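Each structure below appears as structure tokens.
Same chain, two partners: chain A is paired with chain B first, then with chain C.
Moving on, here comes the complex of A and B:
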């Protein structure tokens, strides 16, 4: 069952690479959040209430509801045009994402470590690298934020790959990460929307050496 | 003590955030500086002891903490002058002071942390507080600088977190879960090399955003350019040292494994590229603050080359990073006065500084001599030792290329600084240049004098402490 969920997760990455509208990005992020929740729920064999509440907070509340809603709100508020405007055609994006997934599968096959769940490892690494690719290949600042959120999801899967019993500090780290990403990125995106009218990275090229 | 310090400092931050009254603000800032110095003295009296499980007053942390406390006094003093000169709305002022105190607190705690996850948390808090400071001017350019800084730092900090996850995988094989540096060093023989390699790559890349090294150095440059100069002084000295602490403490772990040689190569390549990149930009740069920031990249490249070369290079790296903090912060603090005279930060529009502010010009000249490591600068001593360590490591080609690059940097840096000092600016109306009190330069002279004194005649205690901080490295 977990494997099925993880494969669906990979499929969301393929979908992201060809998605055209920004709203579908937010929807995919929400779907990823829900998927992550079920993965964690099935993965942890003994759950105490505190841990469950924490994980609920991280996945359902933050990743599946709050962040996508906030991003959708930003899209409306700043009147951002609805296309993602990638630098490369969607077909190339799809090819690159496929290449990333294949490369991580090859990499994970070369690892001989019994402690590691390879399925998680493949999903985590391909999510992180697709996130980086989305950041690099899209023109709008808000897609950069979405790419960052995808990387965060990858990191979350990776922390599941590392072990069922996460040390409390790592848990705390994830919370802080969410805190930082939502707070800093959200607030500044708000400000950037006010100051620059259409939010495009090309407008952020005024800092120069001379 | 660290508990009292953190609680006290965070309450002061909250107080500064809400209080708009000037006298009360100064009172709180004074109180914070007292608290900072109490922590420093306490850590001296309790060297090598652990506090609250996650903090240890070890020699490296103590050395950097003293550096920090000295620079923070000057930075807060100059922040006051800066905000008097360019008055900001009361709430902007409050945010400024609250963030600067939060930044200093987070950096101090980051130095003292003995657990890699705790270092990580405090590094994240520095991003948060620094971004509020960079956005101080609330204009388009400041926003652009802040955005770039926040975004690159957020990604870097995620990289560090990924590295920590890989590290815990590496540690699992040793049958342990404790990610404190001491436990990592104890178990270093049993760490899984494959995961350790990945962990090192990610953690190193992540911390380069704070240290200012290839590949993540770009964020820091924009930040130091857009932040008010007293903040730039902190960002380009003590915050870089925090990045160094993050890398160096983990490097000690890796150095005790068979991966030592490989890690040296990774660090060496990144460090050499940093010197190269800073050389290229130094030739072109016309913005004084960015020029100083690129010079910082060059120095961090040198420091990490010393670490990569090993031997006497370890000692030189620690000495260099302390002395560089004093020199670079004094240059940034001097910039506030320079800006008051010329109201411009392009090298084209400033000049003949000796005529307008003699004491400040002396700071700039001495700072230039110090930063380019000409005698009697203390950096000359440490840089010389770094060259020697490269020579002893039989890296003659690297050394030759490095010396060539440094010569170009001295030429580019000197050309710009001497233009600022002696060549009259074109179309500059000097009828209403403000008179600047020479006393304002005093703090910078003290910092520069410290850098010279500690380099040329290091007290026996300093030498002992530096030797102790590199004790765990294979000699």
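Moving on, here comes the complex of A and C:
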């Protein structure tokens, strides 16, 4: 069952690479949160109940509901245009994401370690790399934050793989999550969409040090 | 042998059900279920008109197209009973005999010398090229999973047990339905109702065909849908007895026709430049099926 959820997780990555609107990015983030919720429920069956409840609450509240809704609210409030505006065409993005997944499968196949759960490893690595790719290939700051959220989901998946032995790692993943929320709050408080008339990172290259 | 009869019977009703679903969804009563077949019979009674600029290729292409679809139909099995032809690696034969028919329909469209038809031919060639790896990776991973290489043995040995194999069967059904839509030029890829030549794919290729030839092309299209439906049925009825399998065949074909009708009613056609990435996404999904097959086999851990 966990394998099924993780495969669906990879499919969300493919969808993310061809999605056109920023709102569908937030929806995909919410779906990933729900998937992670079920993965946590099925995978972490050896840690104590209080910790499990904490982790599950965090995944469903922060990852699946709060952050995507807040991002959607930011999109409306800061008048950010609804298209993702990638540097590369979506077709190329899809090919690159597929290449990332294949590369991680090949990479993990070459690792001869019996302690490592390969399925989690593949999903985590491909999520981290496609999050990096999304950050590198999209133009707006808000998409950079979304790409960061995706990377962070990947780190969380990786920590789940060893979650039964080392629950502290999962808690560290949650800390990362809360840190990311603070990052989004920064965009919210600074009203980046409003202050710079357009939120194009191109303009950051104009900053100079005298 | 059994599959041949079943596919032909399903082909009689398939397009009628699609059309009826579309008209019910848009609040009309719509034509009868047998109307597409009546259209084809009417066309078969007519002669064909050939342009002076076209050559022999334009005249033989519809016949080759139709016969290639019939050849592909002969390979498709049904549950434990083999197709009329069955040999090792016959899914490669299946894919390429369909591709041969498609090749002839493309060069016959180029043969007419119409610029519209050339454009449609180029699109059709591009989309079939993108759809091909999806089908091969899908069938290849099933072959890997079962250890056999012919359609009948693959489907007979494919039994669904664990959660992962349920997921793989769902994904495979999705990929096969979408490949059927691409091969038949239906809605998310191509709009069969469109009246503007610039947005057509398949329709624009057969603009110059008339009478008997057009009847052949249309009936080949009906058969193709039923063939892909039969492939999907085969995913599920590998070990089932005939008294359950035959009703199941018609139920799944009916459901697939209704789904196609509903998709055509409630979705808009993709923009032309989005089609390619959609079709390549199917390849990515079938790569995941391949990955899942490796996981089931335990070659990965």
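The criterion applied here is as follows: the second predicted complex is superposed on the first by the 181 of 210 C-alpha atoms of A that agree within 3 Å, B and C clash if a C-alpha of one lies under 4 Å from a C-alpha of the other, contacts with A are read in each partner's own complex, and residues count from 1 in each chain.
Everything below uses one rule, namely that a residue touches a chain if its C-beta (ideal position, glycine included) is under 8 Å from a C-beta of that chain, and two chains touch if they have at least 3 such contacts.
Predicted model only: the values in this text are computed from it and were never measured.
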Partner chain(s) touched by A:90 [first = chain B, second = chain C, both, neither]: second
Contacts of A:63 with chain B and chain C, given as first, second, both or neither: neither
Which of chain B and chain C A:141 touches, first, second, both or neither: first
Greater chain A contact set [chain C / chain B]: B
Touched partner set for A:14, first chain B, second chain C, both or neither: second
Those residues of chain A which chain B touches in one complex and chain C touches in the other: none
Partner chain A, residues of chain C touching it in the complex: 163-164, 166-167, 171, 274, 276-278, 280-281, 283-285, 287-288, 291-292, 295, 300-301
Contacting residues of chain B [partner chain A, same complex]: 115, 117-118, 120-121, 124, 127-128, 131, 140-141, 143-148, 150-151, 154-155, 157-158, 161-162, 164-165, 168-169, 172-173, 177, 179, 192, 194-195, 222, 225-226, 281, 284-287, 290, 346
Touching residues on chain A, where the partner in the complex is chain B: 111, 113, 115-116, 128, 141, 144, 148, 151-152, 155, 158-159, 161-163, 167, 169-170, 172-173, 176-177, 180-181, 183-185, 188, 191-192, 195-196, 204, 206-210
Touching residues on chain A, where the partner in the complex is chain C: 1, 3-4, 7-8, 10-11, 14-15, 18, 89-91, 94-95, 97-98, 101-102, 105, 109, 118-119, 122
